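In the two complexes that follow, chain A is the common piece, with chain B as its partner first and chain C second.
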Partner chain A sequence: MEVTHSIRERTITENSLVVLLQGIHGHVTTVDLRDESMAKGRIVNVDAFMNIRLAEVVYTDRYGRATHLADFFVTGRNVRYVHIPDEVNIIKTIESQLQKIHRVRNFGGEGQGRKEYLKYKK
Partner chain B sequence: MRSSPCCSAAGLSNMEERERETSRTREEPKAGTSGVATGTGRQAEKDSDADSHRARLDVSSDHFDPLLALYSPDIPLPYPNVKCFNNLAEYESFLKGGRGRAKPENVEKKNRKSKKGVPDPERIERLKKLMVNNPASEEEGGSGRKRLPRRAKAPKNVLTRMPLHAGSPLGELHRCVKERLKIKVHIRTFKGLRGVCSGFLVAFDKFWNMALVDVDETYRKPVLGKAFYHEPALTITRIFDRLKLQESESPEFKKPDKTLTKESDASPGTRKEDKPGMELRRSPRKSYSYPKGQTYTKPAEKRAAEAGEERKTQKGASTESETGKVQKKAKDKPTVDYQQVHCRHVNQLFIRGENILLVNLLE
Partner chain C sequence: MRSTGGGWVCTCSKSKAWSDCRRRKRNIQPGKIISEDNMVLLKNVTPPCEGVRYQQSETTAVLDGKGLGSGTLYVAENRLSWFDGTGMGFSLEYPSISLHAISRDVSAYPQEHLYVMVNAKLSEEGGAAEESEMKEKDSEGEQDESDEDTDPITEIRFVPSDKAALEPMFSAMCECQALHPDPEDDDSDSDFEGDEYDVEEAEQGQGDVPSFYTYEEGLSRLTSEGQTTLERLEGMLAESVAQQYHMAGVRTESAAADFEDGMEVDTGSAVAGQFEDADVEH
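After this line comes the complex of A and B, so read on.
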């Protein structure tokens, strides 16, 4: 549920649909991979590049053989689909994630908080 | 004036001496004339002193004394209101009209920057209320939040970027979101088309990542192994195959022993759509990409047989039909397996943009 510490990652997530995936941290979903295999488990973390970490996973490889895995990590590029759980409202999740990012960015006073962008042009 | 410091430094002693001399000389005549005309003499001396003093402080006079001028408390400046600089470099840049000079736009910038500091208390309050831990601050949150939209200067995030693409293909996607159009998204496999997802678009981004709801996915797993190597030889035009697949979207060729329910769900819909395209559909199923000519010539019998079976399965006949045609199909089983067209329904699906071939709007 935590917003990443990297400014770069934060801007990437903010401007793409990865926010939606970050909003469903903790839900149990299926991730279809590019190589026709599937991993069903609980989403632990999704980063800006769509790298997904899952826990307690049933991994069905492309031939159909299922295995049980405690931890699973897939590179963003190898993701094809992510099934969004039915109870998740897509727009609301995106908005709440964006608010979290906004909150983190503006935390602190004028001179104290994270200065993410220069106030003056060099 | 420039040289005066050096001059004075160098000739300091001289000047001082001269002064002392003059004072001494003055004193001597004073002493000399003291007896005779003390008062008037002194006054005359004083006046002349004052005059000469002024003359020495006057920049334009011949008797200007720079050292005295530097140390005297009240020097009459010719132009009192002149602009002062701390050093020559400043003066030079002033003359050039250099950067940072008080041009109108710079002045405005400065004012803006100074104003930026002003909403400090407001901002601090707003931030305080954002702190979730403090219950007191949470109460303030309600009122503070109203200020937020005013302060946030047009936030740019994935949701605000969606309408920005007007006029471009992504703008069309946004139209689908707004008007809740059903779209068909063609999904790609490493080579060519994998299948089609039809659903309603909720959100998208510049990478074409899409969030769809109420998705029906019709797909076929790509063929592997030796058949894969045979396929490229058979390919003529992928566009044609894509079209074929598009026409014949539904999975008539679903394996009977697999998901019966899905089949029954799919068949009524597909029947309507795909009857005309049934014949054509055969070919892509046989092999991934099929040359047009070959489809009609090569497995003519097979096609006929399977077409017959299709009709049977469509009518919802028993999963195991015992005609000879079925046996033929059973023979075909190994090849058919890999080419099985699947269909499934997903309520909410997120598709990574990289896998999307094209998007077809159904208006």
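After this line comes the complex of A and C, so read on.
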């Protein structure tokens, strides 16, 4: 998954569990919404504000009626749960996403590197 | 509002003539979009001209099952709007949109369309600009479900004549929605708003971004002028405390040792800050 170009979003992401959601792009899973409806589909993108875009979705509304939607976007505000698929290794996913973010910061060029991070030691 | 032969024609479903319309009887100006509880939600009803990411003409709008006819959908950065050719239409603020989706399942709805769920109840031609606090049901509306106990929602379907437009309509809405993050979300309040945490700067401060000096550090950084001022103030404190050393039974000498927050006044007889009585002005 491409690391966002927005510094603000990167900062928000690495300080919250959204970083995990950004690591499961491509997986099929269920998103429970605030109004007790559910959307099950393939995760296309999750941004720092937990806005979620899904593809090939079965959407079950709060009354239990299911419909099929080709593309689906829900605002982060309306997300209650995102089910993490069983096959996902949560710790490894978080670590690898954080590494991607740090790589973006460390490499110079294209205005994305910040030299002070060369000194940063874990 | 459409004008016919001198009288306004109201687009409200209940009556044809503006003069008969109960909205007029409630003294609502034409051209304002209102909700059932008389709240004026939007001030302008003109199509947006700035920040339009995508627009699609020949698009029918269906609001809670009621068709509004064909018009143009404008996906702008500030709001989502739809207007028919006569000036009737509505606008939605992105924070009021819970979700949007492309539906291609013709067994569920006969036309491929863009589905939008708004977290408020709208009147027929109205627009919701705000989060729904409205408990009142829209008694004029045709509703698919009863909303007494749950949050009211409005379902809008935009049916373009050109089905290939659905993808760019959807994507444009995604982009614009991302421009309106939830302001109430405390979790994403970042301590480092906009600026990435500067590690080198932090390392110099031994992990803390220094915002104040301890007493020892501070003393060493005082200019001579600053030192003079400090001595003068300490003198004033000492005078005032000397007059009060009986107060509260606190012994000045031993109390001074208790203050380790760098605010000790090192004159040997003063209690820093503790008894700033009215005698001394600082």
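The working rule: the second predicted complex is superposed on the first by the 108 of 122 C-alpha atoms of A that agree within 3 Å, B and C clash if a C-alpha of one lies under 4 Å from a C-alpha of the other, contacts with A are read in each partner's own complex, and residues count from 1 in each chain.
In the analysis below, contacts are C-beta pairs under 8 Å (C-beta built on N, C-alpha and C of every residue); 3 or more make two chains touch, one makes a residue touch a chain.
From a predicted model like this one, the values you see are computed outputs, not experimental measurements.
Enquirer: Between chain B (first) and chain C (second), which, if any, makes contact with A:Glu2: first, second, both or neither?
Expert: The answer is neither, since A:Glu2 touches no partner chain.
Enquirer: In the overlaid three-chain picture, which partner chain does A:Pro85 touch, first (chain B) or second (chain C), both, or neither?
Expert: In the superposition, A:Pro85 touches chain B alone.
Enquirer: Applying the document's definition of touch, where does A:Ser16 land relative to chain B and chain C: first, second, both, or neither?
Expert: A:Ser16: touches chain B and chain C.
Enquirer: By the touch definition at the top of the document, which applies to A:Phe72: first (chain B), second (chain C), both, or neither?
Expert: Only chain C is touched by A:Phe72; chain B is not.
Enquirer: Scan A:Leu33 for contacts with chain B and chain C and give back first, second, both or neither.
Expert: Once the two structures are laid over each other on A, A:Leu33 reaches chain C alone.
Enquirer: Between chain B (first) and chain C (second), which does A:Tyr59 come into contact with in this model arrangement: first, second, both, or neither?
Expert: A:Tyr59 contacts chain C only, not chain B.
Enquirer: Under the contact definition given at the top, report the residues of chain A touching chain B in one complex and chain C in the other.
Expert: On chain A, the residues that contact chain B in one structure and chain C in the other are 15-16, 34, 62, 76-77, 119-120.
Enquirer: Taking the touch rule as given, give the residues of chain B at its contact with chain A in the complex, in rising order.
Expert: Interface residues on the chain B side: 113, 116-117, 120, 123-124, 127, 130, 152, 155-159, 161, 187, 189-190, 202-207, 209-211, 213, 221-222, 346-352, 354-355.
Enquirer: List the residues on chain A that touch chain B in their complex, please.
Expert: 14-21, 34, 36, 50, 62, 76-77, 79-86, 88, 90-91, 94-95, 98, 101-103, 106-110, 113, 119-120
Enquirer: Quick one: which bits of chain C touch chain A in the complex? Just the residue numbers, please.
Expert: That would be residues 95, 97-105, 108-109, 115, 119, 145, 150-151, 153, 167, 170, 173-174, 177-178, 181-182, 184-185, 187-188, 190, 192-201, 203 of chain C.
Enquirer: State the interface residues of chain A toward chain C in the complex, per the touch definition above.
Expert: Going by the criterion above, the answer is residues 7-8, 10-12, 15-16, 33-35, 47-49, 51, 53, 57, 59, 62-63, 67-78, 105, 114, 116-117, 119-120.
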